[in-house]
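Order of writing sets the labels: A, B and C. Residues in every chain begin at 1.
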Amino acid sequence: MPLEVVLLFAWTLVIVFLAFLACHFEDNESDIGSQSNPNSQVQLAPQVGQVHRFFNKAISGEPLSNALYQGTAGMIAWMLLYKLEPLVPDAKWKAAVVAIPLAVGASALIHMIFATTAHCGRIAAQKRFEQPIYLDVFYGHLIPIATHGFLTTFSIVSIAYIQSNLGALAGDPRLNHPFALPLLAFIWGITVGSIGSSTGDVHYGTEREFQDRPFGEGKRVIYHGRITRYADCGIRTSKDISPFCAKFGSPATGLTFGLIILLENWRTLIGMKLGGYLPVLPANLPLVPTVHFATAEGNMAAVWGIILGLIIIAAWIVGNMIFVKWIRAKCGPFVGA
Amino acid sequence: MAAAEEKKAEEKKVEEKPKVEFKFPPNETQLGIIAGIIAALITIFTGLPAVIKAVGMIFAFVWCADSVRKTSKYGLGTGVPSIGVMGTGYGVVGALMGLAFARFGNIGQFYPGVLVGVVFMGLIGLVSGFFSNSEKYIALKIPRLERAMMELGMAGTLALLLEISIVTGSLNFDAVVTRVMETGVIAFMFILSGMAMFHPYNACLGPDERRERTLMVPVEISGLLCIILGFALLILGTSPWGPWDPALLIVFGVVIWVVFYTRFIKTCMKECYATVGTGLIKTIE
Amino acid sequence: MTIEPELIWIVVYVTIGGMLGCLGAHLLPVGGAPAAMGTATGIATGTVQIMLGAVVTGLFTAATVSSFSNNIWLVSLAGAVGATIMIQVVMFMANVLYAFGCGVVPVSGRVAVDPITKAPQTAYKTPQTDGHGVPDVVFISGTVGGFMGGFGGALMYFALLFYANFMYGTAVIAALSIFVANAILAAYNIRGTTEGYWDPKFKKMPKALIGSFCVSVLAGIVVMLATIALGGGA
């Protein structure tokens, strides 16, 4: 099959869609477990006398914990593919269909193990604040955490699989990404986590965690630790966070990661097209990439990619300025006590 | 202030005699020396079965976790994980250097050359600890930070070297590059080693944290690591001892994991304020 | 054994890369946990975390580019642009979330008037907080920080790949490891939150840079010695 440029772009769009799903569920999963930055308030709450029924999933910052789930899943998927692909040499996708879900399932188990150690350890270390371990909170959150984590990990490992086979899927295996599947899964795990923690947490931390405070103000230092512990009916657990954040915070986070993947991959692909590197690859391009290989078209492709990237950067700066000006004019100065 | 309180609490704990029968940890210096020597010895004897290497790895991780604990107790100004990742990062660089030097001065299956990487990483750790702690530079003012960072660099290198030597069955640089680095297994090692270093203290963080309880977690995580590395070894088929070697490693990992995980969870549930099936929160006064 | 110029370039580029990583981390607007509560200006995560996220995104693109180009500046710039785009999208979407999800406008807590657009800040700030969101000047500082960090990471990656003759996976993990150490030194120096280049904490930056310089030089020497032990440079 000759190289089909349109297939390259199509697979990139599939990757973008998966990225959107991945970051959406990543944010929701971290909200259910109350992970990352807003967790500081859940951790602080018993110290200011606010015993709560939240899940305290302090695995680490989201980038590293997601790198853990996705790196583990990528590693197990790689092991399974290593064994299964020789069995079906004509249709390697069959191996992937079996390997990726199994690997992601195993990684979800590991996710649950880490979640339990974090929750029990942190609550046990708060003995003097009279914070008990509620077993229903403990058991009841594990499955939601694992399922949301499963969806994130599944999307990321699929992205890694597609990218490490992108060339083969589009017709020429020489265009595969030079990194192996587990490494790509690890890389996107770090990225998805840092996006989920820097954008998605805002909706949970500023709004949902302090919902009985006025809307439209940053949360003052005196509020810290005094989190909202009552739900619409009864006492709030971390599961009640998810439906709220799924309406705005999580999709916006998903959009962030989707945009990043879209801009990065399209920039490179369009650069390759403008530079003349696609659709006819140089005949002497080795199957295993070597760094010393280069052509004039390749350099031009890199130049075009950088130029497009600089245009995008300038556009974001202008866009942010316009947005900040507009939202300030819309909302006006701070009113209230 | 908080540190002093914590110390008091710790002393109280000692007087009460911890109920847990797990009496392993000697004090921090002793643990460092014991773990360092055992791990270094196991690292240079590359021909050993994977299970023994796994034991060395557990020692290295316990050492790392203890270093992270004693440093992070004072508050780093950024998350606990960062220092663990630093240890892993040093570990990767040190492992690369150690592997590059492995072929010098070896006697049969005995590779003292790899320890060059350990020594260099100790040096880099010392330098970064000096700059982080010195009044003239970053001025973190954490007692014995230099030593802790040095230990992290050395223990991280030993742990990474042991993991690599488990998976490849040798310390040959080319074999490592083709089987560990280019296949991406290194990404998994990087992150799970990091987890074994910083997760214990990060997960048990709080005023009533207890050293014995915290140090069960790195052992438990090492068990998980052993299971997955065992499968990797089985699939790559690189063990000089045949398929029994990975099988034994997997069984060892499962046993270690089950024992320490259940013990940790039970200890937590016993030592926390209360473990209740369900219940309401105290009402706000 | 003679030391070839390639080996010196490894040390030089690793040092430059590490120092750029440290400098870039200082320029990033990091709000940490307070920013997630809308109590501080900046990105709502830790220095190391956001820097790592940006740099690996850059490294992904740099790796793609390095498979069809062997020009060090093209590869490094590709990585820099990738990291910058990642940071920018994150900052912009964080603003969108603050504005529509929490009803707060981006405002700097450290200055009364924005140094670039001259927009007033104090009137928009919630009392008893340290600002919120990513206002214009913070956005630009973060853009520059992301660019420097990405450039440093990709430069280190290319030096390891091209001069030390590592393979792709080895080079990226080693580059990431050295980068992490430098970013963490910056994080210790920042200690919590920072807004970027006009923040008072930025004045402490040279101290961290000296530390970063020494650590990077040592790391570069380690890589160089490993390359020599493996049989010379390129």
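Heads up, the rule we're going with is that a contact is a pair of C-beta atoms (placed from the backbone, for glycine too) under 8 Å apart; a residue touches a chain by one contact, two chains touch by 3 or more.
None of the values given here were measured: they were computed from a predicted structure.
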- Message: Which chain has its C-alpha centroid farthest away from the centroid of chain C?
- Response: B
- Message: Out of every possible chain pairing, which has the most C-beta contacts?
- Response: A-C
- Rounded to the nearest Å, the gap between Cα centres of chain A and chain B is 27
- Note on the structure: In whole angstrom, the CA-centroid distance of chain A from chain C equals 19
- Identify all positions of chain B at which a residue touches two or more other chains, and write them in rising order. 79, 81, 85, 182-184, 186-187, 190
- Provide the list of chain A residues touching at least two other chains, using ranges where the numbers run on. 61, 64, 179-180, 183-184, 187
- Item | Sites on chain C at which at least two other chains make contact | 32, 46, 48-49, 168-169, 173
- If you look only at chain B, which of its residues touch chain C in the complex? 76-79, 81-83, 85-86, 88-94, 96-97, 99-101, 103-104, 117, 120-121, 123-124, 127-128, 131-132, 136-138, 140, 173, 177, 181-184, 186-187, 190
- Seen from chain B, its contact residues with chain A in the complex are 79-81, 85, 182-188, 190-192, 194-195, 198-199, 202-210, 213-214, 217, 220, 224, 228, 231-232, 235-236, 261, 264-265, 267-269, 271-282, 284
- Item | Complex interface listing, chain C residues touching chain A | 32-33, 35-39, 43-46, 48-50, 52-54, 56-57, 59-61, 63-71, 74-75, 77-78, 81-82, 84-86, 88-106, 117, 119, 123-129, 131-132, 134-136, 139-140, 143, 147, 158, 161-162, 168-169, 172-173, 234
- Under the touch definition given earlier, write down the residues of chain A that touch chain B in their complex. 43, 50-53, 58-61, 64, 67-68, 71-72, 74-76, 78-79, 82-83, 110, 113-114, 116-118, 120-136, 179-187, 189, 229, 235
- Which residues of chain C touch chain B in the complex? 32, 46-49, 166-170, 173-174, 176-181, 184-185, 187-192, 204, 207-208, 210-211, 214-215, 218-219, 222-223, 225-227, 229-230
